[in-house]
Structure formats: C-alpha cells, structure tokens
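Paired with chain B in one complex and with chain C in the other, chain A is shared by the two complexes that follow.
Up next is the complex of A and B:
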C-alpha cells in the first residue's frame, strides 16, 4: 500500500521526467487531458492536468471533469509513476483500469515507453 | 534449434521496433500477439518458434479461401510462367476475364469494373465516380464506418481519431448514425452525390442494420438520384453466408467495392464495380482514374482463381454452417458469462462479441493468444471482439476456438475490472 504522500512524490518525479523529455513533449504537443487517478485500496484520488503535452499541475483530490480515469491499487499507481511496472501488462491483467478512448490509452502507454523504454 | 528460432524472433521484433514501429511491437507484446508469422495453412498460422494459432483475424477478412490455399498458389505460379504485372495503360485478357466474372457474380446489373490495389483505393474510386457521374458534391457516410486510410476514403471514416491530425480533409462529407433512416433522410440535399455504407460494419463492431434499413436507403437514393455505394470489402465473397452481404436484404447498390479476400491472401487487388449507365462518365474520360499496379495481370489471375474456388466449394454455404456451430457456443457463453458477454452479432462467419466494457477486448485477446487463437478486438471499439476466420475452417477448429474462448472467459471471470462501469 502506498500513502497519499508517496504517490504525490512519485507524481512529482513523473512530472519532471515528462516535462524534461523534449522528444516526449514534441510527440505529445497536441495532447491536452485532465486525468484522474483513483487508488482503489486507500480511496485516495489525484488529478493531473496535461496541456499540450506538458504536465502543468497535479494535486490530491478529484478536481474537474476528467477526460481519463485511471484506477488501480495505490502501490501500482506509485510504481507506474516511478517507472517500476509496465502499465500495459497490468491493464491486460485487469489490475489497472482505464476509462478513456483507445487513442488516449495508447498515449498513456507511449509516455511510459519514451521515458522508461525497458519498463 | 529452439534457442536459435527464439533468437531469430527476438531479432526480427527488435528490427521491426527500430525500423518500422516501436509502439506496434510494444502493443503486440503486451497483447501476447508478438507473433512472427512463419508457416501458414488453411485456418492456421505458426509462429516462427513453432507455436500454432487458429487465425480468427485474417487481416479483417483477407483469407476467405484459407491461408496459402494450394489451388490459388498453383494459379499464381502458373501465371508467373507467362505474365508479369502488365502495363496499366494497355488492355489485358486477365483484366477482362476478371471484370466479366465480377459482373456475373455481383448482384443485379453491376457490370463494369475499375481495378485497384487495396480497399481504400477502391473506395476512393467509388467516391470519385459518384461525384464525376452525378456532378454533385456531397457524400454521406456513417458513424463508426471504415473505408480505408486514403484520401477520399479517410474523409468517410466514422472515427475522428483517424482523421484529426490530417485536417483539412475532403470537403462536403456528412456523417450520420448507421442504421438510422430518419438521419439519412435529413442529411440528403439536392447536392448529395452518394451515400457510402458497409452493409454490415466491420471495424465499427460487426454492426448489423435493422432489416428495413438498406431497402429504405435504396428507396431514398432512387427518389433523389443519389448513388448507393456498398463497401463489401470485409463482407464480400461468402463471408456472411451469401456471396455478398447486401444479398441478405435484396438491395442492389449502384457501386460496390471489393478487395481483401479477392486477393486470396496472395496478391493484392481491389475492384470498384458499377452499373453500366455510370460507364458513361468514363467514355469522355477513359484515363481519368489510373492505378499503376491496380488489376495487375497476376492479381487478376489470382482473383479469378479465388472466385472459382469459392464457387466450386460453395464457401458461402460452409460459412453459414460453421457460423451456426459458433452460434451454439456463443449462446451458451452469453448465459454462462453475463458479467463478460452482453450479446453476439453475427452473419455467417462475420461475428462480433460485445463485451461488457472496453478493457475486456484487449484482455481476452491476450488470453486467446495464450491458447493458440488470434482473436482481436475491433479498431473502432475495443469492447467488441471481431471473429473472421477463414471460410475453410473445419468443425474441429470451430470447437477448438470455442473451447479456448470458454477457458479464457473462465479465467477472466476471476479477475478484477469486469463491471460495466470499470
């Protein structure tokens, strides 16, 4: 189980990794989404705002009307933001659930592939 | 030896990733479909490491006559003794033979053909013909439609994500809901040239229209002098239990496009077949639509052999029989797995399983691959699994697929994230 603060720390690192990656920023420059992350086991919720490929903010709590909702155990969310698991595998095992268009699911996976090619 | 083959596979995937598409390799690996196709025969394909799969995807219906059908291979080999692609500006006997055969087997008074290489090109030609012949501009198409990724066809795809990065597209295309005759009536104007439809939507999720839809579309087209274009690229050549799906409703289009299985899975070819009266557009413009490789002499020989094989072996009837075997299993699964399977949509061997949510398509694809069946969710809707096996599939292979599906569903039933709201 991961605490709210642990997930926020992981999100902070994820934001840096994404925003500092020029290739990723260019690739995702036409992608603006409000994303909610739900930790099933702890009930914690998080909101991340991505504008033109840049993660402009993240915070605890479910804020606004999301384009994408990602739900998983808190530990999986934390590992995903640290690049310690392959989100596609967990998605295909039903451990990570995503409410989004197929295109947005691929976009999320593409972020992982670019930042952590071996994840 | 086994180790060597695994290494060959790893290298092929690595090269594919580096030189073609890293995301495609990643997606296929995640779905358990990182197959390097090696031997192919009938309804089956073998991965280079030797694992056998029953192919229920078949490139969305390319392999109606089975993979590497011996009779089609023999026809192609024989043609290679004499022919090459041919010079597209010249007339040719194989082209004339196949065009004549298509006129014979297509419904009603469809009579003339323009050949192409792929389905998108065939639909491009259909839309160009519609505008050229009617001298009107507007094209009506449907939500979730799939007609290919080329210029005019892309504008008629009913999925925004395929189009959005490439705007501006062709002007004067109007999208309406599939199966909604009132929406069609409202969309018609004095400048409507054509409506393009798949009689059964493939990529959109095996959507079968209400029985009165296509006849009503025909009636409105006649009233307003609108050309009716049927895209039979996935549904044609026996797939649905009839030679062409539109025959289920007795509706004859003005233009029909075919591709995929006309190739026998061996040589690319497509055709845009239209009524004799439309030929009048081409009389003053005989060179207005050309395709260097379209209707190559080799492709036309293959197309003839494919049609002969389908007719000789009555594959539409076989598709209907095998479809019924599948249906028995599906009906049981709808009762046994209500948390997974909502409904089945089917005509012959064009089959769609509607799951309860969008995550189930990819997850069942992976489980089916583990059990030696290639069964992939549709591109426009991952909550639907499209099953389009070769029409030569045997009863034993149908049983194998059903057993794999049942086992996969049993296993998936124990996992998380199966609700309608997940």
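Up next is the complex of A and C:
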C-alpha cells in the first residue's frame, strides 16, 4: 500500500519527466486536461492539471470538475508515476479503471509509453 | 462520487448505438430478408430479429455493468473463461469486424459508380473504394472525432428521413399484405431463416459499450442499447417493406447492390438519387470510421499488452494516434474490398457478419451465466430479470440461427444459387484456427519478450528492486 506522501513524491518525478520530454510535449501540445487519481485501497485522491501537454500542478485531494478519472490501488498509481508499470496491461486486466474518452485514455497511456518505452 | 466535466447523455448513447448499425450494406441485407420471405411481410422477420437482438442487448448491458470499459469484451470473456479464450474471441471479433469495413466500402463504391461514371464501372468502383478507405484512414490518423452532438444530428436525421420516406411510400403505393400472406414462401421456416439474416441489420449496436467510460451511470449504456435496437427495429421494418414496394420486379430481379438508390430514384427522380447517395455516404463513412476507430484503439492496447507485436503500439508523434494499427487494419479492409471487387461476392461477407454476430451473442450470454456463477456477489447495476431464462434462450436461439445460416444456400431474387453457406463456416473456421494457433504459439513468445524487457529494466521507484 503506498502512502499519500509516496504518491506525491512519485507525481513530482512524473511531472519532471513529462515536462522535460520534448517528444511528449510535442505530441501533447494541444492536450489540456484536469485529471483526478483515486487510490481505491487508501481512499486518497490526487488532482493533476495538464495544460497544453505541460503538467502545471498537482496536489492531494480532488479539486475541480475533472476531464479524466483514474482509479486503481495506491501501489499501481505509485508504480505508474515512477514508470515501473505498464498502465495498458493493468487497464486490460481491469485493475486500472479510467473514466474518459477513448482519445484521452490513449493520450494518458502515451505519457508512460513515450517516457519509459520498456515499461 | 466526482462527476466528469463532460458526461454523455442517453440521447447520444442511443444515437451511437443506432448510428453504428445503419450502413449501406443494411439495405442489401434488408432486400435479402425480403427475398427469403415475402417482401411485404419482411417486417415480421426484421421485428423478430430485433426482439432477439433486444434480448442479447440485455446480456451486453449486464456485462457492461460488470466491466464498464472499452476493453470490456476481452475482460468479461477472460473472467468467464481464461485469457487465451478472450484473446482468440476478441481478435476474431475485431478481424471480422474490419472485414465488414471492406464489404461496406465495396457497396458504397457500387452506389457511386452505379450513379455516375468517371472511367468505367469497374475502375470507378476501385477508385471510390480507395478514396473512402484512405479518407477514413486519414480521419483516424489525424485523430478527428465525431462529437456527440454531430452524431446525434446525423443519426436522428437519417432515422427521420428513412421513416418519412417509408410513410410517403405507404401512402403512394398499394401494398397488399393479405395477398402476400398467401404466398408459398410465407412459412415459419422462412420467417426464422430471414430473421437469421435480419440480425445483420443490427450489427454494431453493442459497440456502444466503450462509451461506458464517458458516463457516470453505467445503466445508461444498457438503456441506450435497448432504445437503439428498438429504434432500429421500427425504422428497418418500415423502410425495408417500403423499399421492396418501391422497386420494380426487374430491379429486384437484377440483384443490384444499390437497391436504396434505385428506390430513391423511383420515388423522387434525380433529387431522390442524390439524397439517397448522400445518406449512403453518411451512413457508411460514420459506421466504418467508428469501426476503424474502435478496432485500432483495441489493437493499440493489445500491442501494449504484448498480445500483438509491439509495433502496433506506435503512436504518431504529432497526433498521438496509433498509426501502425490504423495502417494495418485499413490495409486489411482494403484487401477485403479488393477481393470483393474481384469476386463480386459481397453477400458472402454479409452472411459472415450475420454469423459472427450470432456467435458473439452466444458468447455474451454464456459469459453472463458463467460470471453469475463465478462472481454472484459482484455488484451489477443492471441484472437481467428471470434468472438464467433469457441468457439460455439467447444461447439456444442464436446457436440455431447460426447453424441455420451455415446450412442454408444463398440465392438471388430469381432463386438462382449464389453459394452454399457452409463456405462461410469454412472461412470463419479457418480464421478461428489461425487465431487459435497465433494465441497458443505466437502470443507466448511476445509475452516472454515483454517479460524479459521488464526484468532487465531497473525499477525507478525508490526502495523497489
């Protein structure tokens, strides 16, 4: 079980990796979304704001009306932000659940795939 | 529970379920239903097929309430059976679904080449086929999406148009139902056989399930499917009878692949031709656009899961679309189109799609039963009433219809034999065996490669090895 602080640390690294990746920034240049992450087992919630492909902020708690909601075990969320987990595999197993359009689901997965192609 | 900023409404779910099913090939399938039975009474088989699809829609609704995700079909088969079965069946569904895109593009090209000539009918068909498949590939490649509102406008306009034209035809043509009921072709056997082909008219309504991820109330998907099938039943029942009445005996006997265009011309002259061509383009492009959209995203996810080669998970650096999957599936659809153009056996694909749909309905109903036994406590926002009665009925009826299709012979309006339908079973069986071989021998190799990549990779998360 990952703690709230562990997930926030993972999100901080995720933000740096995303924002520093030129290829990803180019691909996501017109993608602006407010994303909620829900940890099913701990009940913790997190909000990430992505503007034109740049993660401009993240925080604990569910803030605002989201465009995307991702729900999974806290461990999966933490591993996903560190790039240690293939989100598509977990999604196809039903262990990560996403509420969003098909396009946004691919875009979200693309973040991990572009930064950590071997995940 | 937090609400999404944008949530799909029931109106859009109904229009998507309905819009997915309405395609150019449906008019041809409708005429096939009318040919098997008696044209004036084709509505009986269409409504019967609609009722059976409605029962099947209840199975899909229960499964969607359990697994409200775009990967639903893979998930519920996997949980009901095992992963290998889920890979085989979901890929079988996707591959044959794309084959339908090929048939649809052939028919649409027939509509256009039959209406006006550029070079010659054969080369015109080839040109239009290439044009439409490339157009849809381009739309997918660029990541252009049809918005919910546009889908609503297009679908409801098409439905209103079809119902309006039908009412006009009934008012202006003499349709003698009692005389038709005395025909030797009006038998219970023919009603059931025509209903088997009639299932084709509803192909695609269940593809609305991925929209579950864009709603907060999963019951809307089930409701949308049921309303969609209901709307399709009424629309087709009226339109197919009207089209049959509006065509001349010579036109019916000609075995034309564009009956609706001839019907439009008979009714309203050149204006009718143009309007029906426009409607055909709209129906085809929207249905095969969404077909390619869903299947390419599914192939992308399979590539990421090491079920398909990794190359399928490549995304376009600018548009973030799975371009390799789009290219591969578009190429496959094109190959099917060319094969259809060469052989002229478009009816073969229609039979195959009807059989595939029956097979998938049987699979869905079986999954409902197995999942109820395996996970009786799991929360379902929709549960089919009357216990196992409806799923068992769906299994029996659609197995019967499937066998009925396989043991039948396809004929033209004059009664001449076109092909024996067991060839449909042979082709589907060959595909199934190929996918089984792939799943048992190729997928393990891909998975092993994926595992090796993951093992050699150093974990980034602090404290994890």
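Criterion: the second predicted complex is superposed on the first by the 119 of 119 C-alpha atoms of A that agree within 3 Å, B and C clash if a C-alpha of one lies under 4 Å from a C-alpha of the other, contacts with A are read in each partner's own complex, and residues count from 1 in each chain.
Here is the rule we use: a residue touches a chain if its C-beta (ideal position, glycine included) is under 8 Å from a C-beta of that chain, and two chains touch if they have at least 3 such contacts.
Keep in mind that this is a model prediction, so the values were computed, not measured.
Clashing of chain B with chain C is the outcome of superposition onto chain A. By the document's definition of touching, both partners, chain B and chain C, reach A:113.
By the touch criterion defined above, A:95 lies against chain B but remains apart from chain C after alignment on the C-alpha atoms of chain A. After overlaying the two complexes on the shared chain, residue contacts for A:78 are found with chain C alone; chain B is out of touch.
More residues of chain A are in touch with C than with the other of chain B and chain C.
By the touch criterion defined above, A:62 lies against chain C but remains apart from chain B after alignment on the C-alpha atoms of chain A.
When both complexes are aligned on chain A by C-alpha atoms, chain A residues 86, 88-89, 91-94, 97-99, 101-103, 106, 109-110, 113 touch chain B in the first and chain C in the second.
On the side of chain C, the complex with chain A involves touching residues 2-6, 67-71, 74-75, 79, 143, 145, 210, 213-214, 216, 293-294, 297, 300-302, 304-306, 313, 315-322, 453-454, 457, 459-462, 464. Those residues of chain A that touch chain C in the complex are listed here as 9-10, 13, 23, 26-28, 31, 34, 36, 62, 65-69, 78-79, 82-84, 86, 88-89, 91-94, 97-103, 105-107, 109-110, 113-114, 116, 118-119. Per the touch definition, chain A reaches chain B in the complex via residues 30, 71, 86, 88-89, 91-95, 97-99, 101-103, 106, 109-110, 113.
Taken together, the chain B residues at the contact with chain A in this complex read 22-23, 26-27, 30-31, 161, 165, 358-359, 362-363, 366, 379, 382, 412, 415-418, 422.
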